[in-house]
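Structures given as structure tokens follow.
Same chain, two partners: chain A is paired with chain B first, then with chain C.
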Partner chain A sequence: MKALVAIKLTYDVNQIKFERDGTPILDSCPKVMGEADKCAVEEAVRLKKKAGAEIMAVTIGSSKEHYRILRDAYAMGVDKSVIVRTENPERLDSLTIAKIIASLNNKLGPFDVIFVGSGASDTHSSVIGPMLASILGYKLLANSDKILFEDGKFIVISTLEDGQYKIATNPPVIITVTSEANEPRIPTIKDILRSKRKPIDEISLENLDVKTKELTLKNLTRYVVPRKRIKIDATENVEEAVDRLLKMLREEGVI
Partner chain B sequence: MVNYEFSEDEIRFRDSVREFAKRYIEPRWIEIDNKGKIPLDLIKRMGDQGLFAIPVPEEYDGMGGTMVMAAIAVEEIAYYDPSVAVAVYALLNNGWPLALALFGQEDAKLEILPKVASGDAFFGIASTEPQGGSDVAGTKTVAKKMGNKWIVNGEKSFISGVREVQELPEGGGFFLVAKTEKAVWSHKKITTFALIPKWNGKLKPGWKPTIYDEIGRHGISTGGFTLENFEIEDKYRIGDENKGFYLVLQGFNIARTLVAAATIGSARWALDRAKEWLTTRKLFQGRPIASFEGISFKFAELYTELEAARYFVYKAAWMIDNTYLTKDPKFKPYDLNLPVAMAKLKAPETTTRIYEEVLKWFGAYAYTKDCNLYRGWLGTFSYTIGAEGAQNIMRYIIARDVLGSEAVRNVWVKEEE
Partner chain C sequence: MVDAMVYAEDISWAKQLASASKLFGNAVLITTTAKETKEFSRYYKKVYVIKVKVFEPLSISKVIEKVLSEEKPNVFVFPCTNKGRMLSGLIAGKLGLIPITDVIGISKSGKKFMLTKLTFGGNAKVDIEIELPFIICIAAGSFKEAEAGEVGEVKELEVPKAELEVDFEPRKMEGVSPEKAEIVVGAGRGIKKKEDLNLVKELAEILGGAWSVTRPLAADYSWTDNWIGISGLIINPKVYIAVGISGQPHHMMGVRGSKTIVAINNDESAPIFEESDYGVVGDLYKVLPVLIRKLKEQRGR
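And then the complex of A and B:
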């Protein structure tokens, strides 16, 4: 069995500082492998034991930090790693990223399973997994909080608004892993020291058969959900105020 | 070239220790301090994570890391257990195994070090005696050679890990300082051994331990023991006969650096608590108390002092790496005395000053047991008193190295040769 796990370099959300107006200060924020991505690597590495799988990690970019997160994946136990080199990975749109991973599947795979984090710690668009499944025609197991591999089948538990779903399917499959799925292993000093001697294969983005499309978005500093304030006076007629409140909440779809 | 940056490996290692300590130590540190015991499962987990024998070569199942990495690990552990019990446990199991790896005999190293590295055994230091710890040349414990064995008699006190040696599955022991001739005050009659009173899970005869009741860092035990005709095989002798004085002092240099690392970890925690408190605690019509310069200037001073102490610690660790691990001929063991003494003088004293100030900023709340600052204060205060060398010994070493041994020699008693 061959497995691919795609990881993204994101801001360490635990260390983000903010300006007084709430704008995040990104320049000085350390970058790390995303939290859900770490859980995806953990699931992939567990599959080594469960199914004797060979695990490859991939990331897109070219900075020192991109290489570092691949070494972090090595320290967690992946067998191979590849970097798709491009200068400004943060300017690539989601569909392009999905196409890049799909084209890697054709070039270095096919992989029986591709793990991705259910959402990146920064943008959290959650679309790479579904797009990949659609491009490759693989089945999709999205938002997996628990992943099992039994009798050649992947079984996942996914928690959605209306309850928990248990879904089983045969490979090939795309699995998007939530940060609830597991507690990722912490590499030991030996893992860390060994990981730096492991090779990282390089593929230039131009050598992949992918038409890249850059984001038209210029700069996104902050996204604020507008808040609606409605005042209900409950000083005189409480019952009437309660009725109005319930009516409004119903109208807004809250209850 | 001066470089004040940790390498990528060191940063990745620090992050891994931080994650480990946050996950497994922080939720339990108060329970550890209250119960006066580090749970054995935590010790085993730390062994599995590779937090012991970090600078010990891989051929002895050590981690093949460096002293800088050991200091990083100890500092991070002390941040998440500011009582420093877990950090002290870790530092002993990093420093003294390295001393054994550097100076011990091959058979003993292959036998002892893997079990210490895995967390199944403990290896600390047994130097101090009831008459005093600073006077190593005045050691009274006597080892007499009988064929291929040594028969040891004497008493050791204020020894860390006495209970842990008894409770760990494999046992463990200490880097023992003994005299080859009774009642002779001489640094030329000191021989060192790996004393392992409990090994392979079995206690050896002739070792009688006691446990002391201390005021801080309760998680790690401190005790004493007597040795009555305790037999030590010659393979456990560390270094040549009568050359032990020089070896234990080198071991002290390693351990002192890590003691200093533990105290700065705890001090950093205290200052972080203070940062939170000073910026959110509001008095006098909503002013955060950080807005009073009497407080913020003091904070600035202490923050600076802590950073200075950290430089001392990592410089000493870096010098130890150059001396023993990369074996750069420019670095000599003797040259470590000064930087290590400065680190061990500066870090615990700075830490005590930080706690005393932070406690006052927290007001009456600091004097309650709900405010856990007292645990860090009492735990680290142990290292302002002594442990791996009293502070006045550090001052003596610094004065001797800078002013010259002739100038300060009047404090020495003439040796009986």
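And then the complex of A and C:
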């Protein structure tokens, strides 16, 4: 069995700062491998034991940090890794990313299972997995909170708007993994040292047969929701504060 | 031929997406909800109902593709829910289109459209210039619910064979479902113990509403099964009362459809106050009992 896991270098959105005019200050914003992607790597690595799978990790980009997250994946136990080199991975839209991963499947695969995160913390489009399933004609197990492999089948539990789904299918399959799926392992010092010697294969985006249209993006700025922002101080006189709140809610006709 | 095809499973989304699609011309709706179809048809030229026992995105997307090949719409509109994102991705992959998710605004200039979408976990927005055809997923609360019109045509589509083996267990709700309730009380990590959730449940009950939590209370502490936010439930109540919630964007993206937001938080600088209509600065353990008592008095209980 061969498995691929796609990991993204994402902005840590809870630490993002803005200029006074609302422009995000991206250069100083820390970047990490997303939570869900770590869980995806963990699932892939667990599959080695369960099914003797060979695991390859891939990321798209070319910065030092992109290499770093592939090393992190090595330290967690993946067997191989490849970087798809391109200068501005942030500019790639979801269709292009799905096409890149699909074309890797044709070049280096086919893989029996491709793990992706259910959503990266910055883009969180959650469409990469479903698009891949369509493009490759694979089955889709999306939003997986728990992943089992039994008798050659993948079985996942997925919690959606209306309840819990238990879904089973044979490979080949795309599995999107949520950050609830597992507790990703923390590599030992030995694992980390070993990961530094592992080779990272490189493919340049131009060498993959991926044609895309660029989207025109404009006016990236801070988003502030319009709200009334009336503050009521309840640190001292709670009774009075609650009366004020109830009065205003009643006037608005919402309670 | 129609201009836009919309997918929605509940009436609030159906109304929001009807007004989001106005700019595109006439729209048809596809749904898997077999109830309320007449109600749905007041907002669309035509409603297609896919009668399925259980939601399985691959087989549903195939039925949708069939409708597409007949109706040939230029725009595909989905809700930014887990299911909406899945289906939009499947259809986009098939058609070779880029699905634009988290759309909060649409405008038209000539043949081009300008879409405004959220990014960086809802902290920032960006405009995208795009030509037809395209696929969009609309963020909750970005469009007002459309006005009802006449009851229209409803067409049933054949039940697709599920492509995968699916077992479904509907969500067991203690009380009212947050997605249907007019008032929702949300609990965050300001609630220190599981028992203290009773305060939140009691408030919800008096108000005739529902309660839910932020992700850590469900996913990390397992106090309940579901949470509100981008990776959980998306709600559109009249009032959302956030208790002990800091207001991180991943949570807020699930509640922005609320008409009014009330926050109770003891940290004056908590980001939730930026996104609230009424921000009560104080200790929830002091504020909630008083609020509950006063509401009870008023309602003669």
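Worth a mention:
Methods note: the second predicted complex is superposed on the first by the 205 of 255 C-alpha atoms of A that agree within 3 Å, B and C clash if a C-alpha of one lies under 4 Å from a C-alpha of the other, contacts with A are read in each partner's own complex, and residues count from 1 in each chain.
Just so we're on the same page, contacts are C-beta pairs under 8 Å (C-beta built on N, C-alpha and C of every residue); 3 or more make two chains touch, one makes a residue touch a chain.
Everything quoted here is computed from the prediction, not taken from an experiment.
Counting the residues of chain A that each partner touches, chain B and chain C differ, and the larger count belongs to C. Using the contact criterion defined above for the overlaid structures, shared-chain residue A:Asp37 touches neither chain B nor chain C, since it reaches no partner.
With both structures placed on the common chain, the touch criterion links A:Met131 to chain C but leaves chain B unconnected. In the superposition on chain A, contact is made by A:Asp162 with chain C only, not with chain B. Once the two complexes are laid over each other on the shared chain, residue contacts for A:Thr235 go to chain C alone; chain B is not touched. In the superposition on chain A, A:Leu95 contacts chain C only, with no contact to chain B. Of the two partner chains placed around the shared chain by superposition, chain C is the only one that A:Ile16 touches, whereas chain B remains out of contact. Shared interface residues of chain A (contacting chain B in one complex, chain C in the other): none.
Interface residues of chain A, counted against chain C in their complex, comprise 11, 13-14, 16, 18, 24, 93-96, 98, 118-119, 121-135, 139-143, 159-169, 178-180, 213, 215-225, 227-235, 238-239, 241-243, 245-246, 248-249, 252, 254-255. Against chain B, the residues of chain A that register as touching in their complex are 64, 68, 71-72, 75, 183, 186-190, 192-193, 196.
Partner chain A is touched in their complex by these residues of chain C: 9, 54-58, 61, 81-83, 85-94, 96-99, 101-102, 118-130, 137, 163-171, 179, 183, 207, 219, 225-226, 230-231, 233-234, 238-239, 248-250, 252, 256, 259-262, 264, 266, 273-283, 286-287, 290-291, 294-295, 298. The touching residues of chain B, counted against chain A in their complex, run 8-9, 12-13, 16, 19-20, 23, 48-50, 54, 58, 63-65, 69.
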